[in-house]
Each structure stands twice: as structure tokens, then as C-alpha cells.
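The two complexes that follow have subunit A in common; it is paired with subunit B in the first and with subunit C in the second.
And then the complex of A and B:
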């Protein structure tokens, strides 16, 4: 039993044409028991910036509070919004500070930078970041997620198509994983704003 | 081995815990009150070793009362605020000297006029729920809750479900827990609905 698989999670962030999407499941479990079906794992950090936190639920919540705090401080001092690149780097630094007693969380970051260009990054629990231009995944069923995303992904998808791709990839992946699922949520970020949709999948 | 479970209903929350205090093969007492009152309109049902139970709940409840006193009674913390305060303290202690307590925090938000129930495990994962349980009790009562829970059920109906849960534990749970204490939190505050044995009886 790995500590990263104690609560269960599945999430994807994907880039489209001048848009990004981020999707996650809704399950909060304690090993084999399901505690809640509306647990939040994706958080809006700015008007065009989302972070998805997969891993141990307590660290998801601690990290979310820490990030909210640090982002707030940055915006007060700098009087400007934090760009996704800076946010991703901040997250990496926060994680590496706890190198020998880490937060058990493997985050993904999705956002649009100032010029409207999609930004995606993912990292491991000690802050090793990877930036991509197609998709990033995290959670207890990354094998399934990679398989689905690699198959369904096409570059330069419109927001509607991106939503479909994210939704189908997530739902199909979590159906074969006991620790994740119980519904999903998808956020699509475009230059005009954010659309959020709930997914109804297999409730088991 | 503690059984802690709770359910929200229209206008309040019911919390129930067993009253057995035991370690290894010995039972110390059968009339322990495991639902600690926090403020006028909130209470915490706790499971875990006695020392952590007492230390954690006393720390949280006294700090919450201090906050209210310091503001000369002007600021009453909502159940959401109380739960997040408790979570923060539990998370801080997690990597220093953890409290091995699993809690169900029930409260009535007097400003928004809604009951709220929060689940928090010993690792400080917090989630608002409509009904829930801590410990082995979950294996028996969660399915009863899933079947019988209705949105906006009345107090009597919710109490009946709680009693069904207690009956189930009596029949099927290996550990003998003869007494249960049931408390409700509504707009009038925290009150005892019934107990198996009087906690004040020394």
C-alpha cells in the first residue's frame, strides 16, 4: 500500500487551440472505503490558472492552502497576477523544500499565459517539473490515463472537442481503477473565461 | 474500536458514538462521553486513544472559546471555520507529534441557518458530508445511511435511522458496545438525545 494511493485520484490537463482543459475525478476514499463523492482536487488559482493536486488528501488540502497564501502574497507585493510559469516554479520550490519529508502530492498545472498561449506542467512529489504542449496526467491510474490520452489526443482542438477528449479519457481510465472515479469535473479555460462541467460516470 | 457516526437532517445534525472505554482485553468503563461540545452550536464525535482524544478536543474547544471571548462575543465562528481550524491544527501536528484521532464535527451555522457535518480523519483530510462514520462502524452503517437518507428528513426520521445503525452494530459487530450516546445540534444548541449510561455517573 503506497501512501500516494491511500485516498485515490485521477486527473488530466490537456491543451487545445488557444485553450486548456483540466479534469479530475471526485472520489475521496480511505483505502477500500469511499467517504465522499464530491471531493475537490482541482483548484482555481487565478482567472486563467488551475492546479490539480493528486495524492494524499491531507496534503492536497495543505498544499492548496499554502499555494493560495503564497499566491495572495505575490499579488499583494507585485500588484500583478502570477503567470502559470511562475506558479509552476513556485509549486516546485515549495515541494523541494520538503525534500526529506515531502508532501505526498503529485500536482498538475494548467493555464493560459498573458498572451493567451496554453501552459501545461506536471511534477512529482518532490518538485521535479515537466512542461509539455500536449497533456499531463497524475493519480492512481496514470497508466490508463496515458493510454487514453495518447490515443485520443489531437493537436489544436477547439474547446468543445477538448472537453469531449478530456471527459472520455478520464471516464474510461477511472472505470478500470478501484481507487478513483465516482464522477468527474472538467474545467475548460479559454481567453473568454472558464466553463465547468460535471461528469456522471459509473458510480462505483 | 470506537464507533462514531452522524447524519444531517432538516434543521440539525445528529451525532452518535459508543460509550465503551477499553484497551486490549480490558473495559475501563461503559459510560464515556465521546462527543465533546466545542461551542454553543457545535460538537465533535471522536475516536482514537484516550490521551489524543482528550488532548486534541480540549485544545480545539478551548481555543475556539478563546477566540469568541477575545472578540467579546462579537465573532462566532461558523462550523466551516471551526472545522478548518481543527484541520489546520491536526495537519500541523501531523509531521511533529500526530494526534491519532478520527473525528466527525457537527455544527449548526446560525448565520446561514443550515446544519453542517464534517468528516476528518487522523491525517487531517477534511470533507463536508451529509452522513458518515468513523472506524469499523462504517462497514456496517454506511450502507444503511445510503439506503435510508433523504434530503431534508425530519429529526424523528433521522433518529430512527441512527437507531437502526445502533441495532445493526449490536447484532453484527464483533466488539460488544452495549451503550451509545446520541446528541443533536440544532438552532437551539447542543443537547443530549439519549444515552445508554449516564456519563456523569462516577
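And then the complex of A and C:
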């Protein structure tokens, strides 16, 4: 049993034309038992910045609180919003500080930078980050997620199309993974704001 | 006469005074005035910004008002360098409380923390006190809107309205007669009136003052707002108009 598979998760962040989307499943399990179907794994960190935390649930929640703390301090001291690039790097630093006793969490970051350009990044549990311009995935079924995203992704999708692509990629991937699923949530971020939709999936 | 007991913070004088602390308090009486007024639906803080030369780069957002957390802010009178240390400490404390309890820090607790920090510089050796007085404005769900004042000794008290900095006695006496549970709008005008009185007799102009108000939005979240030049001018104009009608009648 891997500690990163103890609670279960599946998440995708994808870039469209002047927009980004981030989607995650809703399951919280304790190994084979499902405990909650409304567990939040994607968190809004700023008006146009989201972070998805996949992995051990306690570290998901701790990291979220830690990031909120650090982001809050940054905004108070610098009197400005944190850009996605800076946030991604901060997250990487926080993770690496625990290099020899890490947070069991593999996050993805999605946002629009100051000029409205999409930003995507994903990292491993000790802070190694990659930035992409198409999509990033994380969770217990990354094989499935990569397969679906690679097949369905097209560059420069409009927000409605991006939503469809994200939703279909996520739902199809989690069905072949026992540890993730039980519904989903998708956030689409455009320059005009954020729209959030719940997905109805197989409840098993 | 008090010379022998002046130089060390950690020594009482024979009269039972801490001279270093008193000298620190003196430093603040030369600083730009700050007024704080508790209103029915919010808090108003107004301060005199001492811009001595046009060569100074203008402050990005504010010169005297600092946000401490989503629900607390403060005005500073005294040594800005000293204040920066304390403001950072306050921000950390508020952040850590939120991290630990996932709830906003009660305002009095935050004020007490800053004051305890200041007090330790009056009792443990080798370090001088902070030459800063604060006006803290904050909101929590248990006690609503609150206004606190603190000084270099580490002492603090809650106020309905108060003044710190230069000519604070003149300001306080005006508040004593004119404070009457105002709304935020009325409090803004009263604050400008107080600044008019304390600012060396010259009428307050928007270049030399900073007006801040804290209110709740419709979701019950705290809103911090430093008035724009136009908004501040509107308040100054309203005060001038009112005083004109007073002198006319």
C-alpha cells in the first residue's frame, strides 16, 4: 500500500484560449472504504488562481492552510496579488523544506497571470515542478488521466469546450480506478471570473 | 535630577517611574496626528501625513495605515522604522492564529500580543523601547467593531474615539464635546474636524491627510478602504460647508 494511494484522488488542470480549467473528483476514502463524497481537493487561492492537492487527505488540508497563511502574508507585505508563477514556486519551496519527511501530496496549479495568459504547473511531493501549456494531472489514476487528456486535448479551446473536455477526461479516467470518483467538480477561470460546476458520475 | 535613573530601561527611578518609557512616549508627541473614531457601523481612522518635501516618492497605497489581517488594521504615530517591526509581528501573529484555529484572531488578543511584545522591551536589559503608538481598528464576531490605542509602555485601552500624536490633547477635547455615536459618514467628518484643529491651525487639505474606514460588506466580510482623493475632498468640503453655516447663523 502506498501512502499516496491511501485516500484516493484524481485531478486535471487544462489550458484553453485565454482560460484555464481545473477539475477533481470528490471521493475521500480510507483505503477500500468510501468515507465522503464531497471532499474538497481544489482550492481557490486568488481571484484567478487555483491549486489542486492530490494525496494524503491530512496533508491536503494542512498544505491548503499553510498556503493560505503564506499567501496572506505575501499580500499584506507586498500589497498585491501573488501571480501563479510565484505561487507555484512558493509551493515548491514549501515542499522541498520537508525533503526528508515530505508532505504526501502532489499538487497542480492553474491560473491566469497578470496579462491574462494561462498558467499550468504540476509537481511531485518534494517540489520538482514542471510547467506546461496543455494540461497537468495528478492522483491515483494518472495513467488513465494522461491517456484521456492526450486523446481529447486540443489547443485554444473556448471555455465551454474546455469544460466538456475536462469533464469527459476526468469521468472516463476515474471509472477504471477504485480509489477515485464519486462525482467531480470543475472550475473554469476566464478574465471575467470563475464558473464552477458539479459533475454527476458513477457513484461507485 | 532624574539623570541617574534615565539611561536604563530596566531601572525604576526613586519616584517609581521608568524614564526611558516616558521619553519614548514623548517621541510620539512630535509625530503626525492620528484620530480614531468608533462608529455605529464601522470605524474611521484619519491621520496627518507629514510630507516634508515634494521630492519624496509618494507611498504606493498608504503612509500611515497598515492592514494587519482581513479584519484588522492600524494607524501609526512615531518612529516608522520601529513600527514596521511591530506591524510585521502583528501580521505574523494574526496569520498564525488563523492557521491554528481556522478562525480570525479576536482583536483584543492581537492588540495584547503587540503590547506584550512592546512591554518586553521595557523590562529586559539592553534594548530601548519602541517609539510607536498605535491605533488598532478591527472587527470580530464576538465584540463587533473595536478601537484600541497602545503606547510604548505596552499599555493599551479600548476607546470610542481617541487621538494620538501631535496636539492630541486639543483633538481629544474636541472629541469629548462632539462625539455622539456617529455613523461612518458622520465619523469621517468629525475626524476631519479634529485634524483641522490639530494640524497647526491651517485647514486640513487632502494632500496632508489620509482617511481610512472599515466597514462590513453584505456578506459580513470586513472591507478596508482608504478614501480616494475625490472621496476625501468630498468629506473636507462637507466639513467646510457645515462650519460656514455655523459661523453664518
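The working rule: the second predicted complex is superposed on the first by the 204 of 204 C-alpha atoms of A that agree within 3 Å, B and C clash if a C-alpha of one lies under 4 Å from a C-alpha of the other, contacts with A are read in each partner's own complex, and residues count from 1 in each chain.
Everything below uses one rule, namely that a contact is a pair of C-beta atoms (placed from the backbone, for glycine too) under 8 Å apart; a residue touches a chain by one contact, two chains touch by 3 or more.
Bear in mind that the values here come from a model prediction, so they are computed numbers and not experimental data.
Overlaying the two complexes via subunit A leaves subunit B and subunit C side by side, clear of any clash.
In the superposition on chain A, contact of A:79 is made with subunit C only, not with subunit B. Touched residues of subunit A were counted for both subunit B and subunit C, and B has more of them.
Shared-chain residue A:39: touches subunit B; no touch with subunit C. Of the two partner chains placed by superposition, only subunit C is touched by A:69; subunit B is not. When the shared chain is aligned, subunit B comes close enough to touch A:57, but subunit C does not. Minimum Cα separation between subunit B and subunit C in the superposed model: 5 Å. Taken together, the two structures place residues 65 of subunit A in contact with subunit B in one case and with subunit C in the other.
Contact residues of subunit A toward subunit C in the complex are 65-66, 68-69, 72-73, 76-77, 79. Residue ranges on subunit C touching subunit A, taken from their complex, read 60-61, 67-70, 88, 91-92, 95-96, 98-99, 102. Taken in their complex, subunit B has these residues touching subunit A: 87-88, 91, 94-95, 119, 121, 123-127, 129, 132, 138-139, 142.
Put simply, subunit A touches subunit B in their complex at residues 6-7, 28, 30, 33, 35-36, 38-39, 56-58, 60-62, 65, 101.
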